[in-house]
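Heads up, there are several structures right after this.
Two complexes, one shared chain (chain A), two partners (chain B, chain C).
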Partner chain A sequence: MNRTLLGFIRKELTQTLRDKRMRVLLFVVPVIQLTLFGVALSNEVKNIRLVSVFPPGDAVMQKIHDRSIASGWFLPVSTQKVFSDPFELIRSGTADAVLVAPPGGLTRALGRGDAKLQLLLNAMNVIEAQAMESYVSAIVQRTILEDLRLDPPEPSIQVNSRVLFNPGLETAIFMVPATLAMVMIITTMVMTNNAIVREKEMGTFEMLISAPVSPAEVIYGKTIPYVILGMSNFPLILGVAVFVFGVPMRGSLLVLVLAAFAFVCTAVALGTLISTFCKNQQQATLAAFLFLFPMIMFGGLFFPIENMPVSIRWVAYLDPLYHYIGLLRNIMLKGGGHAYVGTHILALGLMALVSVVWSFRRFRTTL
Partner chain B sequence: MAEQAVIVRDLTVRFGDFTAVDRISFEVGRGEIFGFLGANGAGKTTTIRVLCGLLLPSEGFVRVAGTGFEQGDRAIKTKVGYMSQKFTLYNDLTVEENLSFIASLRKLGSNFYVERRKELLEFISFDRSLGTPVRDLPGGTKQQVSLAAALLHDPEVVFLDEPTAGVTPASRNLFWKLIRKLAASGKTVFVTTHYMDEAEQCGRIALMREGRIIALDTPEDLKRSVFPGAVFEFDPKTPLSFAEVAAIEHLDLFTFFEPYGLRFHAAIRDGEDWNRARPELECKFNIRRIKPSLEDVFIKTVEGKKR
Partner chain C sequence: MKLFWGRAGAVARKEVFHILRDPFALAAALGLPVLMVIIFGISIEFNMKDIPLAVNDADQTRSSRMLLDRFASSGYFGIRRVVSPHQAVAELTDQKARAALVIPPDFESDLISGRQGQLQLLIDGSDNSTVGPVSNYVNRIVGAGAPALYDLRTRYLFNPELDSRWFVIPGLTVVIMAILSILLTALTIAREWENGSMELLLSTPVRPVELIVGKLAPYGVLGIIAIAFVYVIARAVFQIPFVGNLAVFGLGSLLFLITYLAQGLLISVVARNQQVAMQLAMVTGMLPSNLISGFIFPIESMPTFFQYLTMLLPARWFMRIARDTFLQGSGLIELKVPFLALTFLCFAMIFLATRKFKRDLEP
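Now for the complex of A and B:
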């Protein structure tokens, strides 16, 4: 290997690993972030305070209520106050959801064949309200089918959903791979970008290019070490994902490492490209923020890309996080289909290539 | 006859509309200590960067240690050493790590590197451990190690851009001993400085102003050509008010009248007028004839343009 390149790799690794803050950034922060986000980031709505309003002796309503509480999503509200108006329960903040039986009770209404159950929801948070609604309708369906062994009231379409790959619908299994990707891009891109800009700011960059080095030697010399460093914490955070959060590992580890490598190369290349536009570390930090937010938004971490308008979806396709999150979920949860994995690794590789070529065009060994 | 170490003809460097260096020409001989003086922004650093291959000239002919830009900037970079005014070692690496990184940048063979390192550390009388982090070195030592780093590949010409900015006077002295030793061993040293005592030690100096060389000669000849007439020092017997100083300054007697510490240095315009005015001035000042200092030359040519 080229002597200059080897010198660069040795120097960058020494500098990064000698710096205590960088060691923390590489090996402690990702674990903390992954744990924190894995626990906290959840689409599940729990502890919904539920009141069911029905006349005494309404057996079906009682069953629905009991099932709801038993599901673990709902909490019974013990209220001494008697509300004449169920709306008041929501408005006063006593309950998040109120189930109201039809006049005379649900049991009797079922007998008449026009069972209508009213659900009042506090929809201040739309996402929560949607979740509550789907929980309740699922419970009602199941009560009717399993407890009463009745044909459901009209419409008699049975929704027979089978949940694949994540049977418990556990959010962690879905969220942790995405969080892993996010944590990796933050450390890798920011670290690379800063490493280059710091040299410009300190004036060592001028010394560097006062030696007869080629642009390729400088660019590869400043990127290869950070690909190594970016991969160095991958086993650690993968371990946390698998052993702490129980994310399954259904695909091949080798394919997963390959995907991670493609992603780290892209992140490092992007960091390098951004650094060619920055003169000092303030600019570098700002630029990193400018890129990180949209990357996370379009990465499919919080909002499914499939729900976006087609034109916006193309923005997501340009987001390395989108490809990597897809790859991680696909490989870990589903086992990794050849076509899917191939396409997205290729997409990442292409982005890395474009960034490197663009960096070359912008890079000069003269001032 | 060996070619000159540096040949510059009609060098011009423009940044957009701004002309940083404006058609300058000069030559520097081998083994010479060549000084570059000028106010900040006069174009010294820009010129040095061109000569080091760091900046492409807009126009003009440049030849450094037998190479030019037609052979590419890297050809020049191989031949010259450069120590920039910013401190350019990595603080978080040790002396050995810094030098070895520079050796790998320049692709020096490892035997050559180890040999050269030993030589240079002896040259700068480095007596600490090679494993000392650069951060822990005193300012003067850091600067000497920087010099060693710039000399690692044994360049024929070395460019030092304000190498002694911000170090103690003792360290400056020591550093200039090294510069003289380098020149004595046949290296060409090209140095910029703001210190007049340092400029006095150069073989020849070029004064730059607004991108042009306005004077170029040995320190002695510069003084002679800038001050062809007699120069006197005026030492006030009692402290003078601004008004009194201004009144004397505006007498038509002087081509140059500038404060020098608590005293004044003055060059007279004409012998007869001077002889007539002298007795009156001697009531207020002790006047004695002096040799002009380089500072006077600098003030008169670079900064001042009075009368």
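Now for the complex of A and C:
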């Protein structure tokens, strides 16, 4: 490596790290975020406020209600308002679910043999509504069968389910790798973009060009430091993920580091490419939004990519975050399938290559 | 008072010139929210279909084939045949399948002799969100149905067909506008410091409050126009119902925008350096409004401490206002808590930005 380049890298690192707030943002904030989102988020729907409407003395409904509360998924609602309109209960936000017994009570209706229960749900959150329904119907079925002293019917086919890779369905194991990826792309891509655009805005970029350095040296000098910075907080975040959250590390550490390196290179290369289109930092922020927001949405954390229309799925394949979140989960939880890991690291590498080549051409033509 | 508005107005006018001078930023501020809502409105779907299912049918009989036909025709699963249980697991590891179904060799003979037919289902647990739906669908297809002793009818209020778009688009508007508002103002004051124009501004008689208000106003107008665009797209393109009061939604939008713009300004005052400001804006804007505002992950499911923590997040309150006014038709009285909280946060942000700015100026 030549001396110009080394000087460049040293200058860039000093400039970034001399600001105390930047050091905090790079090394402390990611850990806080990982902890925050790792602990707070959960896919499991809990604390549903349930009201059961039934006449006094309806033993079966009482049992259903008590069971629901005891299951831990539901919370009781103070009983004063119970006898108002069930629809109003949900509309006013007092309850999320209201289970209404048939007139005369469920116990008697079961005796007559026509038990019609009604369940009203606040379905504004689609995922939550589906979960609430399956909880309630499971509890109702079990209680009624028990009350009628019927054994649960023996199905002709029995499904033995096993959940692989995360048998306890722990949210942290699912969330933490994704959060790690999101935190990393913010520091790397956005920082690189800003660093280059700042020089442009302040006019120091012209100085660099008039100096006896080649465009390649400028580009490498501006990107390598950010690859170093991006990789430098990876061990820290990974350590928190594994040791604090107990995310298993079933694959090879070497492969994981390789994947992270490929990702950081891609992020930095993309940041560089974006910077060639921005004149000032105001534009850089909007460009960051333009790229980062879709990247997070297509990353596979919020919505399964398989559900999307085919044409849009191709957009997701252009999202480095999608590949990286997939890689992290695959390597950490599944031990890394060779074909999968190979394909996706290659995809990241290809994206990095295209961005670098494109940035070179942009630099050459714009300067 | 007259002087106050005069000076704040002058700052606002200067900021308007700054926005108009940069057509790219203007187009981005107005166009990006619309673009994002259209892209994600089209692409987001929570109801799963064609889930890749690796199937190892070791039985190869009429019964097993009939069962697989039921899987194939359900629309929930796309079947990929594999030759061994071992290969089924490999399909999961390589992410070619989300679940694997193994039919053992004595499946049909068990059924004929009156024993239970055994199936083995392996589900990929690396993506939690798909485990529940997959096992539900399988059980429904295999038909471990309840006897008809009772009839449970479910009514999905406010979204009777469980349309993902009704759920996502109002929420998406909130998230997008939160991020955009922070980004719009996060650089404004840091830029003045970096370019050295802050010294100039300080030598004028403009006071901190006037500066903050003057900087907020033009972006507030920009934000309201962007929200109006998104509203029109949601209604006209995606046919999302709006059963509430438009004025309530508008008032909520305004409070929400000002709060986030003020947060951006606070960041700008604190950071003084555009690169730091940008990172702070991303960290406090992008991830929290996506993850802990109740957009996808319900707040009620969080541990109690975090439920309280999210109360500091303006997006959480506007999420409630936006969804309730769109789908549920809540009025100002039902939404008094979110409105009060948002108003409080709004004033708190402006106050903090002003005070921090003032303190910075004192020697």
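The rule is short, and it goes like this: the second predicted complex is superposed on the first by the 263 of 367 C-alpha atoms of A that agree within 3 Å, B and C clash if a C-alpha of one lies under 4 Å from a C-alpha of the other, contacts with A are read in each partner's own complex, and residues count from 1 in each chain.
One rule holds for everything that comes next: a contact is a pair of C-beta atoms (placed from the backbone, for glycine too) under 8 Å apart; a residue touches a chain by one contact, two chains touch by 3 or more.
Because the structure is predicted, anything quoted here is derived from the model rather than measured.
Novice: Tell me the contact category for A:3 with respect to chain B and chain C: first, second, both or neither.
Specialist: So A:3 only meets chain B here.
Novice: First (chain B), second (chain C), both or neither: which does A:204 touch?
Specialist: Only chain B is touched by A:204; chain C is not.
Novice: Count the residues of chain A touched by chain B and by chain C, then name the partner with the higher count.
Specialist: C
Novice: Using the superposition on chain A described above, determine whether A:19 touches chain B (first), chain C (second), both, or neither.
Specialist: both
Novice: Once the structures are superposed on A, label A:317 by its partner contacts, choosing first (chain B), second (chain C), both or neither.
Specialist: Neither partner.
Novice: Give one of first, second, both or neither to describe whether A:11 is in contact with chain B, with chain C, with both, or with none.
Specialist: first
Novice: Using the touch definition from the top, say if A:46 reaches chain B (first), chain C (second), both or neither.
Specialist: Touch status of A:46: second partner only.
Novice: Figure out whether A:212 sits in contact with chain B (first) or chain C (second), or with both, or with neither.
Specialist: A:212: touches chain B, not chain C.
Novice: Between chain B and chain C, which residues of chain A are contacted by each of them?
Specialist: 19, 202.
Novice: Can you list the residues on chain C that touch chain A in the complex?
Specialist: Interface residues on chain C, with respect to chain A: 22, 24-25, 28-29, 32, 36, 39-40, 42-52, 67, 89-90, 92-95, 98, 111, 116-133, 135-136, 138-139, 142-144, 146-147, 149-160, 162-164, 166-167, 176, 179-180, 183, 186-187, 191, 194, 271, 273-276, 278-283, 286-287, 290-292, 296-298, 300-303, 306, 309, 323-324, 327-330, 334.
Novice: Please output the residues of chain B touching chain A within their complex, sorted ascending.
Specialist: Going by the criterion above, the answer is residues 49, 52-56, 73-75, 77-78, 82, 84, 86-90, 92-93, 97, 100-107, 149.
Novice: If you look only at chain A, which of its residues touch chain C in the complex?
Specialist: 16, 19, 21-22, 25, 29, 33, 36-37, 39-48, 87, 90-93, 96, 109-110, 114-131, 133-134, 136-137, 140-141, 144-145, 148, 150, 153-167, 169, 171, 174, 179, 182-183, 186-187, 190-191, 194-195, 198, 202, 279-290, 292-294, 296-297, 300, 302-304, 306-309, 312, 315, 326, 329-330, 333-335, 337-340
Novice: Any idea which chain A residues touch chain B in the complex?
Specialist: Within the complex, chain A contacts chain B at residues 3-4, 6-8, 10-11, 14-15, 18-19, 202-204, 206-214, 365-367.
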